[in-house]
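Two complexes follow with chain A in common, the first pairing it with chain B and the second with chain C.
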Partner chain A sequence: MAAFAVRRLLGAIIVLTVVSFVVFAIFILIPGGDPAQRIAGRTATQQNIENIRKAWGFDQAWYVQYGEMMKKLFNSLRPGYTSTYGELRSFTNQTNVVDQIRAGIPATFSLVIGAGIIWFVCGVLVGVIAAVTQGRWTDRTITIAALVGISMPVFWLGLLSRYVLAEGHPLTIFPDSGYVPLTQDPIQWGYHLLLPWLVLSILFIGFYGRVMRSSVLDTINEDYVRTARAKGLAPRRVLRRHVVRNSLIPVVTLFGLDFAATIGGGAILTEYVFQLNGVGQYAADNVSRLDLPPIMGVTLFGAFFIVLFSALVDLAYAWLDPRIRPT
Partner chain B sequence: MAERLIEVNDLKVQFATEDGLVRAVDGVNFTLDRGEVLGIVGESGSGKSVTSMTLLGLTRDKNTRFEGEVLYKGRDVLSMNEEELQQVRGNEMAMIFQDPMTSLNPVYTIGDQICEAIQVHESVDKQAATRRSVELLRQVGIPNPESRVDDYPHQFSGGMRQRAMIAMALACNPDVLIADEPTTALDVTIQAQIIELIDRLKDEFNSAVILITHDLGVVADVADEIIVMYAGRVVEQAEKRQLFYDPQMPYTWGLLGSIPRLDRPRVERLHSIKGTPPSLINLPRGCKFRPRCPHAFDKCNEEPGLENRVEDPGHLDRCWLTVEEKRALRDRTILGDTEAA
Partner chain C sequence: MATTETSDFSLDTASVLAAEESGTEIVGRSPWALAWRRLRRNYVALGFLVLFILIVVCCAMAPLYAHHVAHTGPNDNHVADTFTRNGKQVNVLSAGGITKGPNGETILVPAGDPVGPQWFSAGGKFVLGADLNGRDVAVRLLYGGINSLKIGIGSALICVFFATVLALLAGYFGGATDTVLSRLFDVIWAFPVFLLAIALGTALQLGGLPLGFATLHGNSLWIPTLIIGIVLIPYVARPIRGQILALREKEFIEAAIAQGASTPRVMFRELLPNIASTLLVLFTLIVANNILFEAGLSFVGAGVRDPDPSWGNIIQQGSTRLQTAPSLALVPGIAIVLTVLALNIFGDGLRDALDPRAKVKV
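For the complex of A and B:
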């Protein structure tokens, strides 16, 4: 276990370093990326731009700039550290990047964790139902519904559902967008998030339903399922203990990675459509401004969760499947 | 006279598939008494596994049709409902499968899986069930059962897994133990041990055994009665000694000829039965073995019944050749003399 943790930690450091390098390199390489020009604005004089370049250190070698940016990022992560010039700040509005990401975390986590639970539970359930009623109308209905779900893009479904179901529109069932903190009002929190949860989940439910269905159909023909029936177990118990339990192994792997990717940026569209002010929306706003520090912060934030969750997936995998446990 | 446990009367099992009706079992009769070992022998696709699984109702499906009767202590298994079947399965008739690598669930410990078999039929707590699992593992010859009970299947070798399967099958002290090719997936050195174990435990647990195999050598030691199946039918049925010393069916000769023997002159090649078993959807007319039989003649276009044709009254076969012809022809076939074929 200790060896596993050390190995994963080393891996995480390498991945995060590489990701930060790549993000930085992209910004140096893209045209129109000169931050001094962007900060100075459209009507700035050449002298103005030069001054800004000097003041912000854009005239230094790229590795000095990179090192400086990383140093600022670490400073900002230190608890209780405050310094106007020592923190990682946005080029365009000088706000502290880490504070901005922290502010967005509750909304993003509420959205993704809630949606994750919904899509995992519903996906598994739908997949099992489709598999055990294979070929019958329930299976066919689920298959068609899953295909429809997979085919609907979030921005379209989100806007459509807001237009039809949210406040001020034909069928007012849900409040129209915005995020209410859980600590402030749990009921309003859930009420405001319900629509975003469903919109974000639908695509995944369709996909997970399909994966789970085929996994169950594979497992159901395994010899050990026949053994379980031959022991005299009731069909429900065979299904729960021997079929579903074993079918979950591939689905859990998939879930860990999808969940991490969604926290790390996959929910951008949903956050944007429902104006949740989460990390994803912060990322989207800053990408459109080509503002390097926030993009660096958000990218590393996403990469960190992907690395963390792939380690958790490995743990879950070992818990589900004793064959890969180290002995 | 020992207690009659199983009586199969004119059993037919048919599967409706997209290609047509598969007649997997077509009119099988046999009986099994307490303490007896019945060997069912045949190639793949001869219907032996389907027969054995039908005894436990494991072939039930919306596309399966049954005819005839499978009586367990006088009760018809085919007409039982699901709950009654669950009572029989594992508790009164238990089954050991061919491949111990895949027949145990990889995600539960050996102990968990044996406990599950005990607890589904008896209301005992987990501790008592575990104690019994340890005892069962000891009886099937697993060393250190106290610690091995917490191992997962992948930590057991093939032979040990099959022993664990046997322990699981015996968990509720069943009357009938059905072993479907229990040694096929194992090393030759382990095969004899497993068969011996099944034979010994049969006496300890006072059960009867149905031993299914494609290898007559496997049943040679332990079986009392042997049934040879071909294309869903019984083609020869006899007490073991009779079957080995006076086989009447050319198909049986083929099976016997394909066992390597040390007590006969060495031949260049081991005998094999030419061709493949017939499709169970389009069966040949007449004797089902006719297309592969080296001794087929005109009369074989009509199917022979399963009748007694020799001195021993319990010896039945399906072949039109006269007993004298058979006795003359078969030694050459068994010895692998290609001239005869």
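For the complex of A and C:
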């Protein structure tokens, strides 16, 4: 167990380092325009640009610049650290990147955790119902609805549902976009997030429903299920304790990875459409300005969660199926 | 009776039996022929394949439609133009001002709102309305479909090709090759994939992509195609690698190696045919996925950029005028849903036909 933890931790550090390197390379090596020129603006003189290049250190070798950036990032992460030049700041508006990401975390976490609960519970439920009623109309309806769900672009669904249900139409039942902090007003928080939750969940419910359905259909034919029935267990107990628990393994794996990927940038489009001002929207705004420090910050934030959750998934595996032990 | 029957045995009977054995009663059928028989009976899957082909054909005929029905190109602006509807002149973009409604109430018309769908009341012009630059949406929808389908199919080809080659190398050689490639997949996997794609898309749009032998221009369709194809490689390569690892332990591979088959022969003649059906199914589903991915990229401005049309960027334009011109965002979305749904259902049917006992059905 300790060996497993150490190995995963080492792997995570290597992966995060490589990720930060790749992001840096994309922005430095690929011709995307000179950052000094972008900071200076359109009316800058050559001398302005030269000065900015010196002040920000763009004239140094790329590995020096990379080292500086990483040092600043770690500085900004230290609690209680304040220094105008030692923190990682945006190239375009000089705001502290880590502070901006922290400000976006409540909205992003509220969105993804809420949607995650909805999609996991509904996906599993829908999949089990479809599998138990295999071939009947409930199964067919669920199968078709799931396919339609996974075929919709999430931003399009968000736009339309916002237009019909939240923008002053006769059908309006939701407040229009924006994020209300949980600490400020829990009821408004949930009310404002309900529509984004549902929109973000729909694709995943379809997807998880399909995986769960086939997983349950596979498990139902296992010998241990027949044994459980033969020894006279109630059908509900067989379903709950023997079928569903074992069928959950592929779904839990998917959930861990999807949940992390959604926190780390998968919810960009939903945040963007509903203007939730989360981490994803912060990233989207800065990507269009080609502002390296915020993109570096958000990418590492996302990669951190993806790496963390893939380790957690392996642990969950071991709990659900004692035959698989982390080594 | 029994005795007479046995005594009936002659050389003729033997020849009849032999004929039966090699005749039509026992026919060897390849797995592909069996799969085709199963697919042929799946009318739902075939129906949606026909729908997909129809969509492709309609998009391919975009120039014909633009020339002979709509009489305008995909990038022709009609901002200040009018067209004739039922003998009356109608502005393509509303001029703005105050008009009287049917009950005498005043209606404030904002300026610059595009006309909605005209169907066929304007003689083929603006069948699905106009966009904010006064361009014909129906024409742009068809041309945009060409771009979206090109990117979807092209990136799926790139993705499946590289994923297969890398998975074959990793799965067959194992050891150090496998470790290096798997770690490489881990890194791409750890990236927030959509964010990576937007970052690459925006950076490359500005500077283009110098490839040594050629430079891709900033608004070339190859840029989103390559980006989508490459960032999704690990998602395809991982499951294929797993399958190859399992196949590699099978007896027929051992037999081939024992017979002295070369490494390429084992890889391409023994392993590849065994994963071909998986690849075909994956390809169908990845085209569907990539069309959605492209739409998202173009929606945030990191894929196909105006004036080039794509389903994603038409929706993006419509999103700014949802209140007054909802059809602008609605129509391309429906096109995406139909195309992706058709591919998903056909892909499902294909998988059921090729591998009726597939373990994990995703």
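What we mean here is this: the second predicted complex is superposed on the first by the 323 of 327 C-alpha atoms of A that agree within 3 Å, B and C clash if a C-alpha of one lies under 4 Å from a C-alpha of the other, contacts with A are read in each partner's own complex, and residues count from 1 in each chain.
The rule is simple: a residue touches a chain if its C-beta (ideal position, glycine included) is under 8 Å from a C-beta of that chain, and two chains touch if they have at least 3 such contacts.
The model shown is predicted, which means the values in this text are computed figures rather than measured ones.
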Spot which of chain B and chain C makes contact with more residues of chain A, would you?
C
In the overlaid three-chain picture, which partner chain does A:298 touch, first (chain B) or second (chain C), both, or neither?
second
With the two structures laid over each other on chain A, which partner does A:290 touch: chain B (first), chain C (second), both, or neither?
second
Applying the touch criterion given at the start, work out whether A:105 contacts chain B, chain C, both or neither, answering first, second, both or neither.
neither
So, does A:245 touch the first partner chain B, the second partner chain C, both, or neither?
first
Based on the superposed arrangement, let me know which partner A:228 touches: chain B (first), chain C (second), both, or neither?
first
Is A:264 touching anything from chain B or chain C once the two structures are fitted on A? First, second, both or neither.
second
Chain B and chain C footprints on chain A, overlapping residues
none
Chain A to chain C touching residues, read off their complex
11, 14-16, 18-19, 22-23, 26-27, 30-33, 147-148, 150-156, 159-160, 162-163, 167, 207, 210-211, 214-215, 218, 250, 261, 264-266, 268-269, 272-273, 283-284, 287-288, 290, 295, 298-299, 302-303, 306-307
Using the touch rule from the top, collect the residues of chain A that touch chain B in their complex.
222-224, 226-235, 237, 241-242, 245-246, 320-323, 327
Which of the residues in chain C come into contact with chain A in the complex?
183, 186-187, 189-196, 198-200, 202-204, 206-210, 288, 292, 295-296, 299-302, 312, 315, 318-319, 322-323, 326, 329-330, 333, 336-337, 340-341, 344-345, 348, 359-362
In their shared complex, chain A is touched by residues of chain B numbered 56, 58, 82, 85-91, 94-95, 97, 99, 102-107, 109, 116-117, 120-121, 152, 154-155, 165, 168
